[in-house]
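Report on the structure given below.
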Amino acid sequence: MGKAHAFAYRSALAAFPDIPVPMLKMIADVNAAGAAKAAHQYGFEKSSGNWRDLINDPSIDVVSITTPNVLHKEMALAAIAAGKHVHCEKPLSPTLKDSEEMLKAAETKGVTTQVGFNYIKNPMLKVARAMIAAGELGEITGFRGIHAEDYMHDPANPWTWRIDPSGGPGVIADLGSHIIGMARFLLGPIASVNADVETVIKQRPKSRGSNEMVPVLVDDIARILVRFEQGFGGTIEANWVKTGRNMQLGFEIEGSKGSLAFTQERFNELKFYKAGGNIRDKGFTTIESGPQHPSYGGFCVAGGHQLGFNDLKTIEMAEFLGSIASGTAAGPDFREACEIQKVVEAAILSSKAGASCVKI
Amino acid sequence: MGKAHAFAYRSALAAFPDIPVPMLKMIADVNAAGAAKAAHQYGFEKSSGNWRDLINDPSIDVVSITTPNVLHKEMALAAIAAGKHVHCEKPLSPTLKDSEEMLKAAETKGVTTQVGFNYIKNPMLKVARAMIAAGELGEITGFRGIHAEDYMHDPANPWTWRIDPSGGPGVIADLGSHIIGMARFLLGPIASVNADVETVIKQRPKSRGSNEMVPVLVDDIARILVRFEQGFGGTIEANWVKTGRNMQLGFEIEGSKGSLAFTQERFNELKFYKAGGNIRDKGFTTIESGPQHPSYGGFCVAGGHQLGFNDLKTIEMAEFLGSIASGTAAGPDFREACEIQKVVEAAILSSKAGASCVKI
Amino acid sequence: MGKAHAFAYRSALAAFPDIPVPMLKMIADVNAAGAAKAAHQYGFEKSSGNWRDLINDPSIDVVSITTPNVLHKEMALAAIAAGKHVHCEKPLSPTLKDSEEMLKAAETKGVTTQVGFNYIKNPMLKVARAMIAAGELGEITGFRGIHAEDYMHDPANPWTWRIDPSGGPGVIADLGSHIIGMARFLLGPIASVNADVETVIKQRPKSRGSNEMVPVLVDDIARILVRFEQGFGGTIEANWVKTGRNMQLGFEIEGSKGSLAFTQERFNELKFYKAGGNIRDKGFTTIESGPQHPSYGGFCVAGGHQLGFNDLKTIEMAEFLGSIASGTAAGPDFREACEIQKVVEAAILSSKAGASCVKI
Amino acid sequence: MGKAHAFAYRSALAAFPDIPVPMLKMIADVNAAGAAKAAHQYGFEKSSGNWRDLINDPSIDVVSITTPNVLHKEMALAAIAAGKHVHCEKPLSPTLKDSEEMLKAAETKGVTTQVGFNYIKNPMLKVARAMIAAGELGEITGFRGIHAEDYMHDPANPWTWRIDPSGGPGVIADLGSHIIGMARFLLGPIASVNADVETVIKQRPKSRGSNEMVPVLVDDIARILVRFEQGFGGTIEANWVKTGRNMQLGFEIEGSKGSLAFTQERFNELKFYKAGGNIRDKGFTTIESGPQHPSYGGFCVAGGHQLGFNDLKTIEMAEFLGSIASGTAAGPDFREACEIQKVVEAAILSSKAGASCVKI
């Protein structure tokens, strides 16, 4: 993920000429040699094997934190204390309690924050959000969202920090936070959940090929009934054992006047159905991304050429830098990350109580 | 639906040469002239404006009931009492209690029964079921099913018998029973549910264009967390207000070794992912229906020509007639219909109790 | 193909109540026992091992010819001489010369004819044609058509009557005639061609598994540049060695105001692009077949349920029977079949002359 | 296109750590202020309003030419004379004759060259090429390629340099060169063509909204029958008036053992059919791009995240820089561009001679 950030900072000005000019100052990594190599490769001035060097450098205004979740808090608090603006990868921290402490620190200090929910930076999702906000779908009646991948589907996949409970929950934090964040981005707050959160693969090898098995204490699949504050309902699934799926992050939204369907598997497309008109011709229209959909035009002047994942990350970083200049959070900031985490923790609580309803 | 049955009985022998030869005897409809016209058009010998004529005709062995739900029970009981084999459209009756009475009558009398869950007669679904049964997907870890259409999405759509509570629940019985039945067909019994069942459009015009509004007492959307007896979980949605959808009946199933994806919108296709092999070439394979997938070959000797909806209905009727001859229920019979209805009623119960867990 | 006809005649009245009532009289096949079995299975009154019995039966008004191409002419001429209306499978005969003789006989006798170009009976293609005729695509600028399958792709596939030159050309007649006919149905006559027609697999086993090889004298692939009478151009491909394709019969048509895309692989869908309107929302709309697209409603009252191949055949036969009653050819009749064959023969001629331009 | 180059040079090292480190030296543009702004935005050291400043700067080793076609030759010859390695956008120049002069100059001077056929830098196309080269499709039997867009489809679109004949042919050079190059990349040289190359919109406004019309002297659509040196045939279409298409650059390739299908509209996917195995499961597999497909891994370590257009351009530039270091042309170089242009000019020649066969 550090790589994605480096790519993004390098390209941000090229796509967004009006943002403050990013100066690539320092890469820190526990492996000092790796940090030096990365700094060379990504065009940063300096590197260090000690992340505190970065915090202590007064010439640095902005910090990106892309370490394992368990380390976010300490780093973020230090960076905030030093008055730096902080971008932190998601989930913000292993627990809502810690995240709220980070939020409080940032707001007290007055620094700008952002959290790495990159997928919603997609121009097509901004179109979707604008359609919904303008009432083009009419009154919304339902949401059906999912983020499923298969990187943990093989029981032979060994223990990693991702499944150490010290890092927080499992898939519901890792992938679930993306689809929860996307739901909120498009449709506003979630008011309550009933959830079924489970560990499918109960133990994993300590390391690849090892015979020593470690019990898995985090979740593999979360299935959630949600009710939004606006009144309508929906479902959300997070799943990292869905064999064959690389990036099934998607949703269907329907309203009284129209519907949307989207999947990150083809994220340069948005499917849109608009009720009314000649019944002979009705159906979902597949809209392809183009310069008519901001911020596509920053990357290419012609439609249909397609953005890639790193371009979404570039939009994210450019918006973050722009928000520092303007003083207006581009979002999702630490506050939004906490709101997402509230849903995550409510879902876990619900599941432990037999999927009973938990208000947020 | 009567039309679909007539089509199916007419074509059954052509596609299935080994079944008992169907003799098309009588069509009964409350509208005697309509019945006469239909008998002419569909090639039946006689017609009547009184359904009891059909029951009382000793030359008739098999009866199809395709009336509104509220009439099923009386007709079925009369037919069973007369010793006729009965095919009844789904849902079997408005309440589980009534359905169980019908089941008991049929089993006591020893007649063969079937209920109109036509979509599972699709050759591609038989392939899916066989794959799962043979363990080709490995250990199943999840199911994600839906049946959504939009025929009730417009608030201007007036009251119909479909939304009169005397006919039973709303979408959960009408569409939900299809996806519940499909889930059971593929994966076996459902052990428990947590459900959120809601009425989205609270009142409708008494008739088209009328200013008089009638409160809607049945559900428009049902969202259900399910747990199967085999241990894995899933979600099911039934929705008849999903704007833009004509036939979104589909599922995704994943297991430790593979995955399936299907939608009735393209029901001559089955998407199959098989783990293992050359990682360079991995992905979902789109299998097109052909004579290698029974019972496709009864309709066409060459692959890719595609079956239509009426062909599924023909398979259903042919299997029913075959099951009468063999004395082995082809399914889904009255018993299976009751099992499906148990899930429906459990979901409604759960929803009334705040989506709490209800065992089946 | 005889089976498809039988299915279609059986179902025609059920879908089209206003046509003359079909009476299923006789099936003839060189194998008398097979004919008897088929007559039983498809509900025909009689059968015979001698096709002339069918011709000689004065109670029979309509004949369907579904034998190998080489036999069409003799049978059709006999049927016409007996005053019967004739439906003949495509291609009409092995040579244009023979086909024109058949046409002349039919027109002289005044019988109604039809030829089995079933795919254009698809409701979605009637929509496409209507759109074009109404100018909804603006001025047409191009056509890109193909009919590719793979039933001959395996060099181990043995000799069959399909590749005996006595039956006429190879894929250009067998599949090419479909896409040529579809092009004409949608866009009118083809004025000239430049074609490259080739035999890819030069010899085949005399029978399955045999070591004796027979030279293949008919074509496997035809690629054609076409120019329509209306002035615009296009390409057509026919290919029966396209590995992996079961039914790639499709086209793309563009005009100054819109475009269409269609494939028989998903023949209940038509993709439509209409220029103009909000650029934010532009894209191809996937229209799903429904009762708003005649003749879908004869089969099912609800959209999205889908027609199958045999339903297309039913529409074809119903239109044929209707045309006999009305005295107006429903098409494609023998005349249209001859026009299609002119394109086929012009393409072969062009190919032999180095793909030089041949006027039609 | 200059922007795409700038993006690519900026990101090249980040994705390809082993290439020579790119130093971003100078941007030249006829608009000096624009050049200065671009240099700032893309992180170049200097800028100039005079492209010769760039040629004359001895610290510059590598030049990218992204001007209108008509200017390529003069600039490239000057750069070559100055001993610089040259990347030139496609088509190399308006005429084959000029391009060959550029080629000769480059080879005489011994500089490394590359031409901007970016789409073949796609990891999925490298997979396709490797499959074909390894015989995984068996003996190839056909190719069906197209590059269609719609940026000229509207007759109200005014004259631009793209349609000034001084810049060379129209769509056949602009888009046709991409699909011709792709065909050659995958399948080797094209031996002969029969082509139909036409101007559909015969005149255009001199400027947007003007009443003064200018005759259009370049082509809008080219349709070509091709025969490859290896013996098999195919078709190629280039079309810039195909309403509704943003990026229909794609192909289908079939061989005796398998098939491929690709479209740039979903360029992170490759559809692959492999003959043999369990007939029940046969179909096209949709392969999603991932780190198992070089050079995807340079951009992202996880599959399914997707590359964008600018990433393809980054691969292109990185390979160019790598080829300078290694002294081995990464291709497509000036020589390959001339080979592509030979096909273009042969097609135009063929079309003028009634689509007769022209050898290359």
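We call the chains A, B, C and D, going by the order they appear; numbering starts again at 1 in every chain.
The definition used in the following text is that contacts are C-beta pairs under 8 Å (C-beta built on N, C-alpha and C of every residue); 3 or more make two chains touch, one makes a residue touch a chain.
None of these values were measured; they are calculated from a predicted model.
**Student:** Report which of B-D and A-B is connected by more C-beta pairs in contact.
**Tutor:** A-B
**Student:** Would you mind checking which chain's C-alpha centre is most distant from the centre of chain A?
**Tutor:** C
**Student:** How big is the gap, in whole Å, between where the Cα atoms of chain B centre and where those of chain D centre?
**Tutor:** 53
**Student:** When the C-alpha atoms of chain A and chain B are each averaged to a single point, how far apart are the two points in Å?
**Tutor:** Their C-alpha centroids are separated by 40 Å.
**Student:** Where does chain A touch two or more other chains at once, residue-wise?
**Tutor:** Touching at least two other chains: 245, 282-284, 288.
**Student:** Which residues of chain B touch chain D in their complex?
**Tutor:** Chain B reaches chain D through residues 127, 269, 272, 274, 279-288, 292-293.
**Student:** So in the complex, the part of chain D that touches chain A is made up of which residues?
**Tutor:** By the definition above, chain D touches chain A via 3-4, 6-7, 10-11, 13-15, 17, 21, 37, 40-43, 149, 151, 245-247, 264-267, 288, 290, 299-311.
**Student:** Touching chain D in the complex: which residues of chain C?
**Tutor:** Spelled out, the residues of chain C in touch with chain D are 137-138, 141-142, 144, 146, 150, 153-155, 194-196, 198, 200, 220-221, 223, 225, 227, 232-235, 237, 239, 241-245, 252, 254-259, 273, 275, 282-284, 354-357.
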